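Quick heads-up: structures coming right below.
What follows is subunit A paired twice: with subunit B in the first complex and subunit C in the second.
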Partner chain A sequence: MNENLFASFITPMMFGLPLITLIVLFPSLLFPTSSRLVNNRLISLQQWMLQLVSKQMMSIPNTKGQTWALMLMSLILFIGSTNLLGLLPHSFTPTTQLSMNLGMAIPLWAGAVITGFRNKTKASLAHFLPQGTPTPLIPMLVIIETISLFIQPVALAVRLTANITAGHLLIHLIGGATLALMSINTTTALITFIILILLTVLEFAVAMIQAYVFTLLVSLYLHDNT
Partner chain B sequence: MDLDHASPLCGAGMESDCLLVRAHREAFALIEIMAGPEADAQFHFTGIKKYFNSYTLTGRMNCVLATYGSIALIVLYFKLRSKKTPAVKAT
Partner chain C sequence: MNVPLKEKKLLEVKLGELPSWILMRDFTPSGIAGAFQRGYYRYYNKYVNVKKGSIAGLSMVLAAYVFLNYCRSYKELSESLLDCFASGGVSPDRVGLVHRLI
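Then we have the complex of A and B:
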């Protein structure tokens, strides 16, 4: 077990140069483009998956919101592939960095909100007060709704960071415990190993679900503002 | 939209009392009530409530703007008050 539990979250460097750009760009190599009508198995499978996801996700926004389809599909592909690649041993996951996730969440949220204020100013302002609010509660509710609006991008980023970081930490800890228990008690080490396997399966699911949740929430914010 | 013939599950010769059609009609009516500016017409307020209420789009917008304006005025008042109060001189 590493003496420093958080060593895997430090941005990797090589000869003093940060590798983060290469790591962020790497998933794009896994999605080759093709100019053929009939593609190979990998591209066909990716296209089928993308079509399935886009049909499911783009049914929520209206026509104006559907102009964001390319952006949202790129987002889910990027986050999903980055999270899954991060489950490889000794790899670095960019989505464990809060700075990265805030860098994705804030512009997307701000874009949706500004679109709403530009196209439907009255409805966007009226959104801060739920319909049917009793008169004495109006000022308090306006303040609460304003705070909840500004918390949205922070919640988006922190949710992704916390889920992925927590999962990686757990795998690290339980893996270390399994190794340590092997020389002490083999049966307990076996049980811990089974828990590790189950946790890894869970982390695969979490990696994909978190990508879906992030993109779904952005599409919902867009739907509210278009 | 002609709701009487909207549902494919209702036969061509069936009356408009078809349950499914009625359910569609009620659902669309609910959506209409919840929709934007067209819904404001069903509320008839008078006096100040016409401009400040929590039911119409205009009323809600004006309440929100009034709340923000009040907060801005309070902040401005305290800022100007602290500027007016002279600093205590050391003796």
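Then we have the complex of A and C:
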């Protein structure tokens, strides 16, 4: 049972071929492109959703920050669709792998910070010292702010990994418990099943929220630095 | 009308001609890519790119995805089942537990 629980997080390989490439590329199949003005229902829905999200998220940064709109919108689409696809039975979720989330978080965070240092050096350095600190505390506070800056990409990646992995594990466990309880005591199994349904609804929400949070934080780092 | 064998579609090929038809297909990388592209556009134009597309177009793709993932993990699922068999008492519930839908 224990090994079976974590088996769904192993990188999928088949006959030594990396299937994971195909699995990571699969969500792109679900977002067709079109150069028409009036599209089919699938594309119209996706375009409406994308406009809603981009207006809400990209109205905050200034002109320089808005050049990141394409990057951030593709990011939220990718994370959202990958997380939602992971809720299907037996499927593999790439965002459960810390390596992949670090690979997304570190370049984006570094890009935002380095842009800030290059263009607004004084203001970026000023972030290390909050306003109004008493003089004796200054050295310690600079160290603390530096640590908190460098922990940002790690926090981004680990937050996404941990949330999605924990959700998947809970679903596996409670699903297994429901099945095992069914022969022992049907009422308890029913209660467990209701818990499972609630958990699945939560997971749908978490999938989308995590995508949103990831992208929002990157855009906030951007806002700080442009 | 005599169409050459190479240009016939699969359903027009007679059974005796099938092996030679298969051998005449284009197995170069660009040929295979072309086959995938044609297949994709056939599905897309039939089920998604229509005036009143329904949820069925998307759900068939997702169902195929689930099925392919099940095929991929069938070996591990049945191996963990064998472990259960080896370690003693297995109930029919256990079978369902391993191949469960979650």
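We take it that the second predicted complex is superposed on the first by the 223 of 226 C-alpha atoms of A that agree within 3 Å, B and C clash if a C-alpha of one lies under 4 Å from a C-alpha of the other, contacts with A are read in each partner's own complex, and residues count from 1 in each chain.
Operating definition for what follows: a residue touches a chain if its C-beta (ideal position, glycine included) is under 8 Å from a C-beta of that chain, and two chains touch if they have at least 3 such contacts.
All values derive from a computational prediction rather than experimental measurement.
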**Message:** On the A-aligned overlay, A:52 touches which partner chain: subunit B = first, subunit C = second, or both, or neither?
**Reply:** neither
**Asked** Where does A:132 make contact in the superposed view: on subunit B (first), on subunit C (second), on both, or on neither?
**Response** first
**Message:** I'd like to know which partner A:190 touches here: subunit B for first, subunit C for second, both or neither.
**Reply:** neither
**Request:** Using the touch criterion from the header, give the chain among subunit B and subunit C with more contacted residues in subunit A.
**Result:** C
**Request:** Using the superposition on chain A described above, determine whether A:70 touches subunit B (first), subunit C (second), both, or neither.
**Result:** neither
**Message:** On the A-aligned overlay, A:144 touches which partner chain: subunit B = first, subunit C = second, or both, or neither?
**Reply:** neither
**Prompt:** When the two structures are overlaid on chain A, which partner does A:122 contact: first (subunit B), second (subunit C), both, or neither?
**Reply:** first
**Prompt:** Across the complex, what residues on subunit B touch subunit A?
**Reply:** 36-37, 54-55, 57-58, 60-61, 63-65, 67-68, 70-71
**Asked** Given the complex with subunit C, which residues does subunit A contribute to the contact?
**Response** 3-4, 7-8, 12, 14, 19, 26, 29-30, 32, 40-42, 85, 88-92, 171-172, 175-176, 179-180, 182-183
**Message:** Which stretch or stretches of subunit C touch subunit A in the complex?
**Reply:** 40, 44, 48-53, 57-58, 61-62, 65-66, 69-70, 72-73, 76, 80, 91, 93, 96-98, 100-102
**Complex contacts: residues of subunit A adjacent to subunit B** = 122-123, 125-126, 128-135, 138-139, 142-143
